[in-house]
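First chain written, first letter: the chains are A, B, C and D, and each begins at residue 1.
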Amino acid sequence: MFNEELRLEKPLRWGMIGGGRGSQIGYIHRSAALRDGLFTLVAGAFDIDPERCEDFGTHIGLDKARCYPDYKMMLEEEAKRHDGIQVVSIATPNKFHYEMAKAALEAGLHVICEKPLCFTVAEAETLKTIAEKNKLIIGVTYGYTGYQMIHQARKMIENGDLGDIRIINMSFAHGWHSEEVEKNDPGLKWRVTPEQSGPTYVLGDIGTHALYLAEVMMPELKIEQLMCSRQSFIASRAPLEDNAVVLMNFNNGAVGNLWVSAVNAGAIHEQRIRVVGSKASIEWWDEHPNQLVYEVQGKPKQLLDRGHGYLYHDDMAVTCDRIGCGHAEGLFESWANLYQRYAIAIDAMIGGDKETVENTWFPDIHAGLEGVRFIENCVRSADNGSAWVDYK
Amino acid sequence: MFNEELRLEKPLRWGMIGGGRGSQIGYIHRSAALRDGLFTLVAGAFDIDPERCEDFGTHIGLDKARCYPDYKMMLEEEAKRHDGIQVVSIATPNKFHYEMAKAALEAGLHVICEKPLCFTVAEAETLKTIAEKNKLIIGVTYGYTGYQMIHQARKMIENGDLGDIRIINMSFAHGWHSEEVEKNDPGLKWRVTPEQSGPTYVLGDIGTHALYLAEVMMPELKIEQLMCSRQSFIASRAPLEDNAVVLMNFNNGAVGNLWVSAVNAGAIHEQRIRVVGSKASIEWWDEHPNQLVYEVQGKPKQLLDRGHGYLYHDDMAVTCDRIGCGHAEGLFESWANLYQRYAIAIDAMIGGDKETVENTWFPDIHAGLEGVRFIENCVRSADNGSAWVDYK
Amino acid sequence: MFNEELRLEKPLRWGMIGGGRGSQIGYIHRSAALRDGLFTLVAGAFDIDPERCEDFGTHIGLDKARCYPDYKMMLEEEAKRHDGIQVVSIATPNKFHYEMAKAALEAGLHVICEKPLCFTVAEAETLKTIAEKNKLIIGVTYGYTGYQMIHQARKMIENGDLGDIRIINMSFAHGWHSEEVEKNDPGLKWRVTPEQSGPTYVLGDIGTHALYLAEVMMPELKIEQLMCSRQSFIASRAPLEDNAVVLMNFNNGAVGNLWVSAVNAGAIHEQRIRVVGSKASIEWWDEHPNQLVYEVQGKPKQLLDRGHGYLYHDDMAVTCDRIGCGHAEGLFESWANLYQRYAIAIDAMIGGDKETVENTWFPDIHAGLEGVRFIENCVRSADNGSAWVDYK
Amino acid sequence: MFNEELRLEKPLRWGMIGGGRGSQIGYIHRSAALRDGLFTLVAGAFDIDPERCEDFGTHIGLDKARCYPDYKMMLEEEAKRHDGIQVVSIATPNKFHYEMAKAALEAGLHVICEKPLCFTVAEAETLKTIAEKNKLIIGVTYGYTGYQMIHQARKMIENGDLGDIRIINMSFAHGWHSEEVEKNDPGLKWRVTPEQSGPTYVLGDIGTHALYLAEVMMPELKIEQLMCSRQSFIASRAPLEDNAVVLMNFNNGAVGNLWVSAVNAGAIHEQRIRVVGSKASIEWWDEHPNQLVYEVQGKPKQLLDRGHGYLYHDDMAVTCDRIGCGHAEGLFESWANLYQRYAIAIDAMIGGDKETVENTWFPDIHAGLEGVRFIENCVRSADNGSAWVDYK
């Protein structure tokens, strides 16, 4: 069961860049960080528009003086304070992630950054190096991996319940952009603009979420070759794709198939993962995240449900469990579980407790880096006539 | 969309009775109350065991002095403080609800109380009278009614999408107590002990939840006659039932059928409501609360999903909506939405803003009272050979 | 596996009364009877309209001379032939069932009759007596009970997989007659006319189907008391009901709840049965008849699927299985399985093989009689203010 | 509605090759052909084992003299009779299809052949040429395409309900051969033996079924390029695959993704097709064939159900409809619907009624040929390092 009493000596002093009023993802960051009393929000450069930043920041209870017109000023000013921020979350459009994360790390702050972490593997490596040097944590908000059933899946695979892993099918395929809706939607507009979004649209925007589910469930698996075919069904989005398929060969002989789309008309999310082993398969769907389908060959199909006594008593899974089974948990719990891990790791890092840092699972710099590497390989294949390429 | 910026001038000073370490329902009260910055937890008599109360209270950040060994002392001591609590939540076993709520109201505190509010209609009327006299709010935590889809349903019915209402089928039928598990489970033990639980077990424990869904969706409907058949499949539970069926005739000619059970082996919750009208039906299931089935006679079955633009733009429904559609919301959001309403109503009451109090929907004294009335009528029928009785 | 090679020395010479062109149920009788080469259709009084009878009969390959203007003539003329019919199926509106079945039995014919078999228990007893005297079979077409999963359910219960049976919930609740559609639909018109339909509409028309599922699954269970509440939401249908609920107490302490409706707007069939035991529950739904939900308390929900090796190797269940699992079977197979049993029993009866008659399960006179008894008891309760009545 | 009265002047005299006792697919051929009185089974070379052929044939009612020890003798002997067979169905392992179909066509018989029709496009072209010359019909038993909902889908797409077609995802991915079960299963043994099965296992065995669903729904779509990746997870099956993915680019810019597997542990069939258009998507699943999911972007998901008045009144779809909606139809109806079409076409061909032949939809030589072409292209890609190849 979730430990409601877990507290740090003092909540971490936390600031935000981006995620201002009306942004898609700002609220869930705050909801998650503040949920368990481990962070306290004390500063923000929430918005591209300084006035709106101040108005919003003060409305949610910040000191006006700590609502900054831009992130650089925030880093500077906060550094001067004895009670300045210790950690910053970055929830701006993709193009800013790298420079912001780098600046924050250089300012000695722990960083929680939205995906995709940056645009190139080289950039990710740089961030990693600075973080290591400065003994800082980088968390990346692959927000679906705080669900109990993801960790149940990981444990089942680790324990051999599925046998040898053979096939991994993943998808994140919604239909919201079946038409050229970016004309009236700035939150989408930047996503289909290469300078702001990076070398891909759907692959980076949602594809890495589904891929990371697989990484969490099967940490040992490595891609060896990959093939990516991508399309822009709304022509004006080219070169950025609104639909893509990626096939993968893994080091253990398994094969993967990832479908990513923003033009899967009528679908809401369709983020799914199915892992097929030599003995059994499991399947998870983010729209009903408290269930896990478990199919043993030759046996009746089973539906596992969050919170039950028959699940693995894995530390991560168990502490994700915030209420008796049957009650629906949702994405807010998943995110809060992640922010709890970030807090534990950051606190341990501050206290020099390396062991705890290492033993605390959370989507970290590695998660962020591998997401960027995946995108790079996809683009290389796609731009090469969708040829198979060696993964590097 | 949920308004993250909604704040009171000052968060309400809040205390808790019951809901201590290891209790079933304490955490969700705190999670809900603290979620949106509208309450601040400053005092508690959390536990029957004073030591555990203090240990727990201080662990979750309370001042040791305000972790009270019993609720009476809390009411007394807090009354002496200029910064004493303004509102108290009661999450103890049923038998205490009445005396605690009464004492709190008499101490001038707003009360948020668990269901069943008390054991008799007379008690409920007394609470109502005191609250009215003292200009206090009573909220009752029918925690499933903060979901967006419940309010979508209410709006659809109000707008005539279903035609005339004919049939209302309700259930809350789990299987957790198929065996005599109370032997090793104190949280269940009191539930099957009449002195502590009241005149019923499952009818009061879960039946009123399902009934209240119907009341929220169809505020105009009144029961005219009712018939209740109840059983104790685990004989030692008698006279308290672990299974019951209640049939109802409503004032508009509609009929109702409620199934409540703790011995529905293998079922997790099975809290469902189906409302059948002359034109269409809707169905809602609390284990997948973000969906609403909508079946228009002669048309394809439809599945409505939380957060979509095609839903009614009802104030209550819309402000329940905390994140883009497709993302799973859960029970924690539902509860937080209710606590938000309690706060708005309490704040308005404090400020003498009657209009806001009246226009703010929340599960109130009426909800609590009607739940108790329902139980009384059920018992009257059941004890009378399951005869039909006039509702009073 | 279904035995395709099972044949009688000679197919049974078969005639039909009713079930003519455009009738709802005529085709499935023919499809079922002719499916496995055990019957040959040689005569018919298919229609209230003699001309249409002849036109239809000859179109489906009958000798014109054996397309009779009315059933009495058919019985008379066929009796004169050395190759006259041996068995007759009755698929006319309810009011004719008794007189036709009686006349056929008196003419020495085996009878396969639609439900409800007749209007009163006394009539059913009479039919039973004549059949016994004349050594004739009566089959009643409770057509859903030829499905493999119904017999899997029966076997699971017999073997104690569910523990003691506690609760049986049944429904057959469609929405096709939510409006007064009988104005333009003769096939419904007679159903809501007491003289033609009998003392009930939905209870007899569909309710006995769901009840009979329970009887097949739990042959030992007997109703001891019953309560019936019925409504005519379309007022012109009174005294016949278009909606009803029946509660039952069984001899073993179990309770039952049956919902029958023709005004469950938007629902197609909703024929379901859920049997709850002290250890586990099962649930079956006729719209997806190849699946059976199996929920063991404290274990993951299981979905059993037709044709699998993990099912019971019960003779009845196994011989229902006409194709490898995964392939959808449907109502036509269920009916054909029943007609196969009728044929086996009739053939054995003709050959004087009592043992086979007794060992061959099929919906028989007992099934028909109990359906009628149920209706009588329901009406007695309903007409007595929905009071509980002792079952007789 | 299905026209039960449709009859030919005389039923077609029909023979079978293969499909003997214990075969997987023999019974459904007979059930389908004999269902509607359009064929009469008069001869057979059912089995590799002549004795078993005779034993089986006579048991199901054939004249002993017309139970042939091998198909050549059947063709020869039947040709001598004035009442010899007019049409033959071939249900033997794949390797015989070509020589048997060729011999039958050369003997002047119409042919209904199992898939895959043969091993090479050249062979298929030869069969086509002979059939055309001899004015004979070739039917191929893609048995899932007789379902009403497949034709509803076709009509929806034709009418533009989905907008422009963009994405077609197909699968047929079961798990029955997750282990090396062929050791004890002769029906599988031949399937993984190249000489008997052809150049592929799952691609030809099941993949072409799913592909043909797409062809029926979108007859205008043509593959332009294709990429196939295939695996033998049970190593001894190599070079034949037990798992494969095929990506396709279509002439209109749409993309396709087909997953075929016999090692999808725990899955029963998972034959699915999802067609995504610019406005809406549809999805069909063969395990619940009476439903079709219809998702219009921005609207609630809809579930279309067989037999309803809101479906298209397409001739093919409507005449597939054998019973009122809600009742489950199954694979036997789908096959019977196809055999009905074969009969109509064959009868018209015999009568020289070219128009009817042309206007009668059924899975024909084109369907068979395109299946073989697809396999050839898949193998070419797979054997070329899973490179993209131009379709030819």
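The rule is simple: a contact is a pair of C-beta atoms (placed from the backbone, for glycine too) under 8 Å apart; a residue touches a chain by one contact, two chains touch by 3 or more.
Remember, it's a predicted structure, so these values are computed and weren't measured experimentally.
Should one ask which of A-C and C-D has more C-beta pairs in contact, the pair is C-D. Farthest chain from chain D, judged by C-alpha centroids: B. Rounded to whole angstrom units, the spacing between the C-alpha centres of chain A and chain D is 44.
A straight line joining the Cα centres of chain A and chain C is 56 Å long. With centres defined as mean CA coordinates, chain D is found 35 Å away from chain C.
Among the residues of chain B, those touching two or more other chains are numbered 294, 299, 301, 305. Of all residues in chain B, those touching chain A in their complex are 2, 4-5, 7, 21, 24, 27-28, 30-31, 35, 37, 56, 59-61, 174, 268-269, 286-290, 305, 322-333.
Within the complex formed with chain D, the residues of chain A that make contact are 162-163, 166-167, 169, 175-176, 178-179, 227, 229, 231, 233, 243, 245, 247, 253, 255, 257, 259, 261, 263-267, 276-281, 294-297, 299, 301, 385-388. Interface residues of chain B facing chain D in the complex, by the touch rule stated above, are 294, 298-305, 308-310.
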